[in-house]
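Below are two complexes that have chain A in common, paired first with chain B and then with chain C.
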Partner chain A sequence: MALEQNNRTTFKNNSRSLLIGCFWLLFVFLILFILLLIGGLLNYANWETVKTVLRQKEFHFALTFTLWTSVLATGLSALFALPTAYVLSRYKIPGKAFVDTLLDIPIVLPPLVSGIALLILFGPVLGDFLTAMGLDIVFSSSGVVIAQWFIATPYAVRIMKQAFDGIDPRMENIARTLGYTPGNVFGKVTLPLAKNGIINGLIMTWTRTIGEFGATAMLAGITRMKTETLSVAIFLNMSMGDLKFAISTAIVMLLVALVSLVGLKLFLKQEVRF
Partner chain B sequence: MRSKTKFFAMLLLLVFVTALAGCSANKETPKEESAKAVTLYAYVGANLKDPVTELAQKFEQKTGVKVEMNFNNSGALLNQLETTKKGDIYLPGNMSFVEKAKQAGHIENVAGPVAYFNPVIITPKGNPAKITKVEDLAKDGVKLVIPDKEATAIGKTAIKIFKNAGIDAKVEKNILAGMETPAKVLAAITMGQGNAGIVDISNTLKAMDKIEVVEIDPKTNIVEEIPVATLKYSANKDQADAFMKFAAEEGPAVFEKYGFRTKQ
Partner chain C sequence: MKPVLFAVQDLHVQEGNFQLRDICFTLEESQYLVILGPTGCGKSMLLETLAGLRYPKGGGIFLRGKEITSLAPEARRFGFAYQDSLLFPFLNVKDNILFAARSHKNRLESSIKKRADELTEAMRITHLLDRYPQFLSGGEKQRVSLARALLSKPPLLLLDEPLSSLDQQIRSSIKELLRTIHNKEELGIIHVTHDFNEALQLGTHLLVMDQGRILQQGKVEDVFFRPSSKYLADFFMGENILQGRIEWRDGQAWFRQADSLAEFGPLKKKKIPDKYPDEVALLIHAGDLSLSKANGYEESKANSWYGLIERVVNFSTHLEVVCSGNGKYKAVLSNNEWKELNLQNGSRVKISVDVDDLHILPN
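So, the complex of A and B:
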């Protein structure tokens, strides 16, 4: 009897370790695949061209332009995503499934279509009104921020909603009974508990804004030294047939993104578990 | 815990304020410039970026009028100008898109040609499929990469050329893939996909170390004009017309430098 039990546990343990072994195998496979992909790109790079790219004024513009537009778009995303995610997670809304799906539209639509939709909205529909207010969105740097914001915000909403969903509402209720106002509860209970998810959401949003080019190219146009982000510059070089140049720019962009993301994650390591 | 949260809030705020400052600082510069002089807005086919950029610089030196250029595929550009009803110049890189824009009532004047599209056959170095003329593309074992036959002007032209040579049915079987642009055909061939491709002669200039060029017999080949057009929506029609005339006169010399064919 005891022996049988023992046998069963070892069998269980064995099958479990086999499963975990498979997990490791697939994990290593995926990491290797991505490393191989980057390796191939690096292998195809021409280091002379990379150096030329690094020295170019146009590249310097595109790099700083990409950084400030993407950070601003991420900030704006956070501004809208945090309340949206909270409302979706905590309140009953009529037609919630529909509202929830509406928020997926920027993810579902090809960015090119999002771009033309934004162009219609800010051109013929709202254009005259905005111009009268002194705001030019179409073919301008604000257009870049708007396009990035539109494409990336749903990702922020998704991840932040998950973070809010994961918090036991009882905690909030108890805080209320102990005398906190709803605002207090949000600031001192909900927000700290959801912090990991919110920061992860922001990082995800930022990476998405950096890579965005379809909607940006449509709404803001691709104008040298004005609306040219790194992604858009790569797209342009690609369609011009300047493959060397496109790959070199891509490699520099990849390195910048890798270094800043790893740096950010290490910096936040004590705060957040990824 | 609380101090950490505060620290985060501060960090976020700092990032936000810096970004906003960057935004407003960046916005002020173009406004100052536009107050000084007229700026033209041009929709330019991405494959014409280098020569048209040079033309625009020359035009600015001569007249002081700045030409801001938006580069993209001809079709995307047409969508943009159709939607926004803004801009001064349309230089899409082929006649068919100008015709389309004209029918839709967007075009004021057309001039040029500034250059011509001249399709050529490219093969990987060493020409493994032994292609010496367009008829060879119908041979068994040829893996042909062409620009998309619906979406690109040069792809449409390629099909017409195959018809001229009487090989369109046979070539159809050999088409490995259709690409978005001739530039991507070039990229595919240089990366070892397919053993023959159709591109414009100007595409080959940057990759002569990796490919071989086979000219198409002028009797079967079709050469197309690259026009320059002004738009009905222009708020600066005189300057737009001046740029169009400038491009038509100075264009051929500049385009020739970038490997385009400039004579009929």
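So, the complex of A and C:
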């Protein structure tokens, strides 16, 4: 009896070790794959060409254009995502599941499809009205910002909602009993408690806007030195056979992503979570 | 009689399918009211409504005669402390305590600083002022939470299970602290708990709730020692609850146990409900049972009978003795009483109860 139990325990321990072994194997495989990917790209690049490309006007335009459009789109995303995430987290609203799913659509849809939908909305549907108002969205830099904002906002909502969900509403209750109005509670308690989540959300949103391509291409078009973000620049030069320019730009984008994520981790001293 | 500090009239609160109904009570100045009830009976919901954190569907809440039902919590400014302290993790202890003072002004008046100093000294947390909540123990957190709630001298302190998440030793020290606060600050306290020992040890008044309704309220000893129903006696873990019926003989009422010959009485008429049902319960508190050595074999009489000691459980402050004989009875004796009796397991004892200590309860 004791022997049988002993065997059973050994079997359980063995199968557990096997499972953990498999986990480690898959973990190491994934990390190696990503390192290989980055290493391949860096290895393939000719550093002299990278330096030359970095000095080119087109690259400067793409980098500056990407930075200002992505920062603006991130700001707009924050403006919409913060209140949306708070409402979704704190209030019981009718059709909450539907609203929640609606916000997932830009995440689920291929960016190209989102881009077509945006093109139709700002073209045939609202185009005349917007032109009359003096707003040109389609095939313009505004279109780039809107496409980036539309694609990135749901990510911001998701991450910020998670941050608000993690706050015990009783913390806010306590602040109310200590003399704080709901507005003051949001500023003095909710925001400081959600700070890490919000910063996390903003950086994730920003990195998402920097890399946006499909929706941007559909709504704002692929026009050199006009709506040319870094992603668009890579596509343009790849399609024209200028592999060196494309790879150099890709390396810059990779560095931006790495620096921002490492910076975020150091700042928050925690794992970046979705 | 002291003036009324706080009153609640016919309060009705709804949250989904759960309702608080017909909640009425008053709290005099400096009273310590304990709201007792099982988990999920609506105690915390009631407390949040009193603080203004939930809006009632009906009824009224009054502070010193003035209606405050629709007043926002920030205008009521009652002190509030939850069981898990809920200190703000981004502020150190000092700033947590001063949080209420910064709701309107950033510069603190000297009177506020003096008040904070007094409180930190009273709570014995002066050495913790620069620490952040994550580096405090459960008891320290609760002390800070109480200091934070008391800073602006609230007229009423609302406590939601403030001792539940603390271990036994810390719990005793916080209980002592709550007694000190109650005496020194001269404020009303409403303390919600599911632990009737807390109610007995801290409260001056007790309100028992279940399923969103008040079952009984009054002075702690009245409610606890004379529960109004068998349900409440069970809830208070009344030690000896016997099932039986009231019989009338020569104009006197007697309680006769259902499955034995034991009878208790004659019962005082004021203790018998006007419309007593056929089947009633009799509650005898363990502390009201007397044990003595049985001398020979006598017949059981009213209010006394014979039994055998079945089990003795030793607590540090007293002994619990379980006897069998016409059912099982639990008696509580002091260590000295037990030594004097010189009994052990299996000893035959005479069990008796004073007629004044018989409590008839409707089922």
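Everything below uses one rule, namely that the second predicted complex is superposed on the first by the 223 of 274 C-alpha atoms of A that agree within 3 Å, B and C clash if a C-alpha of one lies under 4 Å from a C-alpha of the other, contacts with A are read in each partner's own complex, and residues count from 1 in each chain.
FYI, contacts are C-beta pairs under 8 Å (C-beta built on N, C-alpha and C of every residue); 3 or more make two chains touch, one makes a residue touch a chain.
Note that the structure is predicted; figures quoted are calculated from it, not measured.
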{"item": "Which superposed partner A:N184 touches (first chain B, second chain C, both, neither)", "value": "second"}
{"item": "Dominant toucher of chain A (residue count), chain B or chain C", "value": "B"}
{"item": "Partner chain in contact with A:L30 - chain B first, chain C second, else both or neither", "value": "neither"}
{"item": "Contacts of A:S141 with chain B and chain C, given as first, second, both or neither", "value": "first"}
{"item": "Partner chain(s) touched by A:D168 [first = chain B, second = chain C, both, neither]", "value": "second"}
{"item": "Contacts of A:S239 with chain B and chain C, given as first, second, both or neither", "value": "first"}
{"item": "First (chain B), second (chain C), both or neither touched by A:P192", "value": "both"}
{"item": "Touching partner for A:R176 - first (chain B), second (chain C), both, neither", "value": "second"}
{"item": "A:G75 touches, of chain B and chain C: first, second, both or neither?", "value": "first"}
{"item": "Residues of chain A contacting chain B in one complex and chain C in the other", "value": "192, 195"}
{"item": "Sites on chain B touched by chain A in the complex", "value": "1, 4-5, 8, 12, 15-16, 18-20, 22-23, 26-27, 30, 41, 46-47, 49-50, 53, 68-73, 76, 79-80, 83-86, 180-184, 186-187, 190, 203, 206-207"}
{"item": "In the complex, chain C residues that touch chain A", "value": "48, 51-53, 72-74, 76-80, 82, 86, 88-90, 99-100, 103-104, 148-149, 152, 158"}
{"item": "Residues of chain A that touch chain C when the two form their complex", "value": "168, 170-171, 173-181, 184, 189, 192-193, 195"}
{"item": "Residues on chain A engaged by chain B in the complex (per definition of touch)", "value": "65, 68, 71-72, 75, 78, 112, 116, 119-120, 123-124, 127, 138-139, 141-142, 145, 191-192, 195, 217-218, 221-224, 226, 236, 238-244, 271"}
